[in-house]
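What follows is a short report on a single structure.
The chains carry the letters A, B and C, assigned in the order they are written, with residues numbered from 1 in each.
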């Protein structure tokens, strides 16, 4: 009898824990976007939670350069910032945290994030094309050595009207609005192409590769998302046919490659939680924030 | 561990003469060779691992300056001070073990001594399931549940040392539970019945006699727990915040040796890459120290 | 008094452990199952369907390839250590220590090694073969230890009986000892399978992250765990990451069930 009571108590205890947990779980899932338990009340005295990409990320390099936070080999972005690997990791961190501020690709924005105006300019396609939104960069593709016929044709495809249309579909900005039509659809091609590099450029080139393989079913294109640094290195070393980088190449790198060309344009948006009252920042403020000069939200909002 | 062969050697004289034909002899010899070659793979692999990790990592450490590398506190693309990550790894591991081991051992005691048979049939597979869940799933779970909870309760960014500690404490549970349970079960039943016969209560017999007798097995469960905690990478990188700074508090971010490698490896080239391999060297040395320390403790315990 | 307190702690710990596990499983199921759409299992991966099928197949390929190499080596090592070697031989002690050391090395070190040795030094690039060989070394100690324990557990009498009937050492080992030790060995192999399925760090720098099904041993791919990591960090596909987690959980359940089934059936048949 005693045993049974024990059994009951343990099962009961486990069940309660479980039920309690499962309850918070579903709750967390349903209001995932309202900043957890913080609700909608924004407390100005809370510290800023800086969120950045990891060292070596093309997005980080481009952001540092465009905001004047670059400094030789290293950048001035506060080392205290939470470093996240990947665009989505940054997005979800900011979307979950009322007091976070980060930066991400404009093409990767969605409702869970609020993009801040820079000097009164919205981060959108139009403003980026016009050059009004200043934190914008190229998505580059790189040729290290000369390409073989198949890779060269894929290169043509990326810069054709068809290829550039895909850039738009994926949510980024085509680099060439009056690109020529693709002429290689009748060619009989087979072989494999290896593309390697930036995690930001990856979705664009991956979508292009798919479209291309629908035309040329005997061509295999492997697209690896490893990072801009790795993309440049692999193009230079010849381990990949084509490299991808979400930043511009420095002089030393440019001298070692055959060609670099922008396949798409992208802005980098400064993002906060949707319930954050912040609406606009000046370029200098952005730089100060990510340098770590502000500690609490009151420093910025008041 | 008892070796069959030793037993065999001792009893050779009593073994009836084996009928030996030329054919079996020849076969035996070849297979003996094959088995030896297979066994040698382990050594070969280990030697290769040591050679490749060390020859790629050590020169960088000496070139850069061993003290600067180990005791430097700044890590960026040109400066490689590993102390923040070393401290981070140690603190996170200590925290995880401090939290996970007691819970794991207690759970093992429950499974071995208090658990009704019918429940056990359900809980044992549950522990196996827990051991089998990929670390990436644990990491994802921690990212979606533990991190927001920490942010809600303690403030701060959520991605923190505490998140990493909680995550790893959970992740080492199955290792600690299985090994401790096995250790407790291997204690001869006479210990328990002896204690009961002397008038000790059921609980007292378990906690004062059976569990202490299983000490050495529980120790080895701790070794493996420490090993798993310090070596875990992909789950930790998702929740730890990953700032290359000296640990600043439980609710602030931290970077460990393993996450240092995985965060930057894809981008790194030249000395930066060597510095990451050198991080691997330090991690390797850590693992060796842990294993040896516990091995010594275990042998002492056995005596 | 202390006993009572300890007992309370024991119960609380057990409740925490299994409560946590239940929470995790339920949480993943709740968030993942509804996203398990047929398009997630299309044969061809595309950025619009985010299919996990190629990753699923790659996982099976990596598991099969690894077990094909690691099982014979691991089992033979067990044979050697238990039935052939002289324990006092320094080489044999070294083998034992090497196995223990290999078991303790974290997977990120295996990843580094695989990258330095297979990918760069042997110029395999990111490929199936580099991934398989890396996790082969990783799963060796698991299989070796399981074999060793299973062989030791069979005991001396069974061998003596076989010798007495005139069987040679090899014949005894394969025909008499091995069938009895089989459940133990198999459970080691299954344990290794679980480890391979869950592996991420060691494969990231060796197998690579290509989304296609690898066409040859020298092509890159990604396993389910890697796929899930990349989805959760880089894509805009958190829902698919949950769905992948569900599939991974199912994998683990199947592997565990298999392990229980196999050892039960074989244990029954062996005796």
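Before moving on, here are some points about what is shown:
The criterion applied here is as follows: a residue touches a chain if its C-beta (ideal position, glycine included) is under 8 Å from a C-beta of that chain, and two chains touch if they have at least 3 such contacts.
The shown structure was predicted, so the numbers you read here are calculated from the model rather than taken from an experiment.
Of the two chain pairs examined here, B-C and A-C, the one linked by more C-beta pairs in contact is B-C.
At the far end from chain B, in terms of centres built from Cα atoms, lies A.
Spacing of chain A relative to chain B, judged by their CA centroids, is 35 angstrom. Averaging Cα coordinates per chain places chain B and chain C 16 Å apart. Distance between chain A and chain C, defined via averaged C-alpha coordinates, is recorded as 33 Å.
Residue positions 114, 143-145, 238, 262 of chain B each touch two or more of the other chains. In chain A, 10, 25, 84-85, 89, 92, 226 are the positions where the chain touches two or more neighbouring chains simultaneously.
Along chain C, residues 11-12, 14, 16, 18, 20, 23, 27, 232-233 each make contact with two or more other chains. Chain A makes touch with chain B in their complex at residues 3, 6-7, 10-11, 25, 28, 36-38, 46-47, 49, 51, 54-57, 72-74, 79-85, 89, 92-93, 96-97, 99-100, 226-230, 233. Residues 9-10, 13-14, 17-18, 21-22, 25-26, 29, 84-89, 91-92, 108, 110, 170, 199, 202-203, 206-207, 210, 220, 222-226, 239 of chain A are the ones that touch chain C when the two sit in their complex. Taken together, the chain B residues at the contact with chain A in this complex read 76-79, 114, 116, 118-119, 143-145, 147-149, 151-153, 155-159, 237-238, 241-245, 253, 255, 262-264, 266-269.
Residues 2-4, 6-7, 9-14, 16-18, 20-21, 23-25, 27-28, 72-77, 79-87, 91-92, 94-95, 98-102, 104-110, 112-113, 115-117, 121, 137, 140-141, 144, 148, 151-152, 154-156, 159-160, 163-164, 166-171, 194, 197-201, 204-205, 225, 228-229, 232-233, 241-242, 245, 248-249, 252-253, 255-256, 259-260 of chain C are the ones touching chain B in the complex.
Contact residues on chain B toward chain C in their complex (touch as defined above): 1-9, 11, 15-16, 18-20, 24, 27-28, 31-32, 34-43, 45-46, 48-49, 52-53, 56, 102-104, 106-107, 109-111, 114-115, 123, 125-126, 128-138, 140-141, 143-145, 170, 173, 177, 201, 203-204, 207, 223-224, 227, 230-234, 238, 258, 261-262, 265, 276-277, 280, 283-284, 287-288, 290-291.
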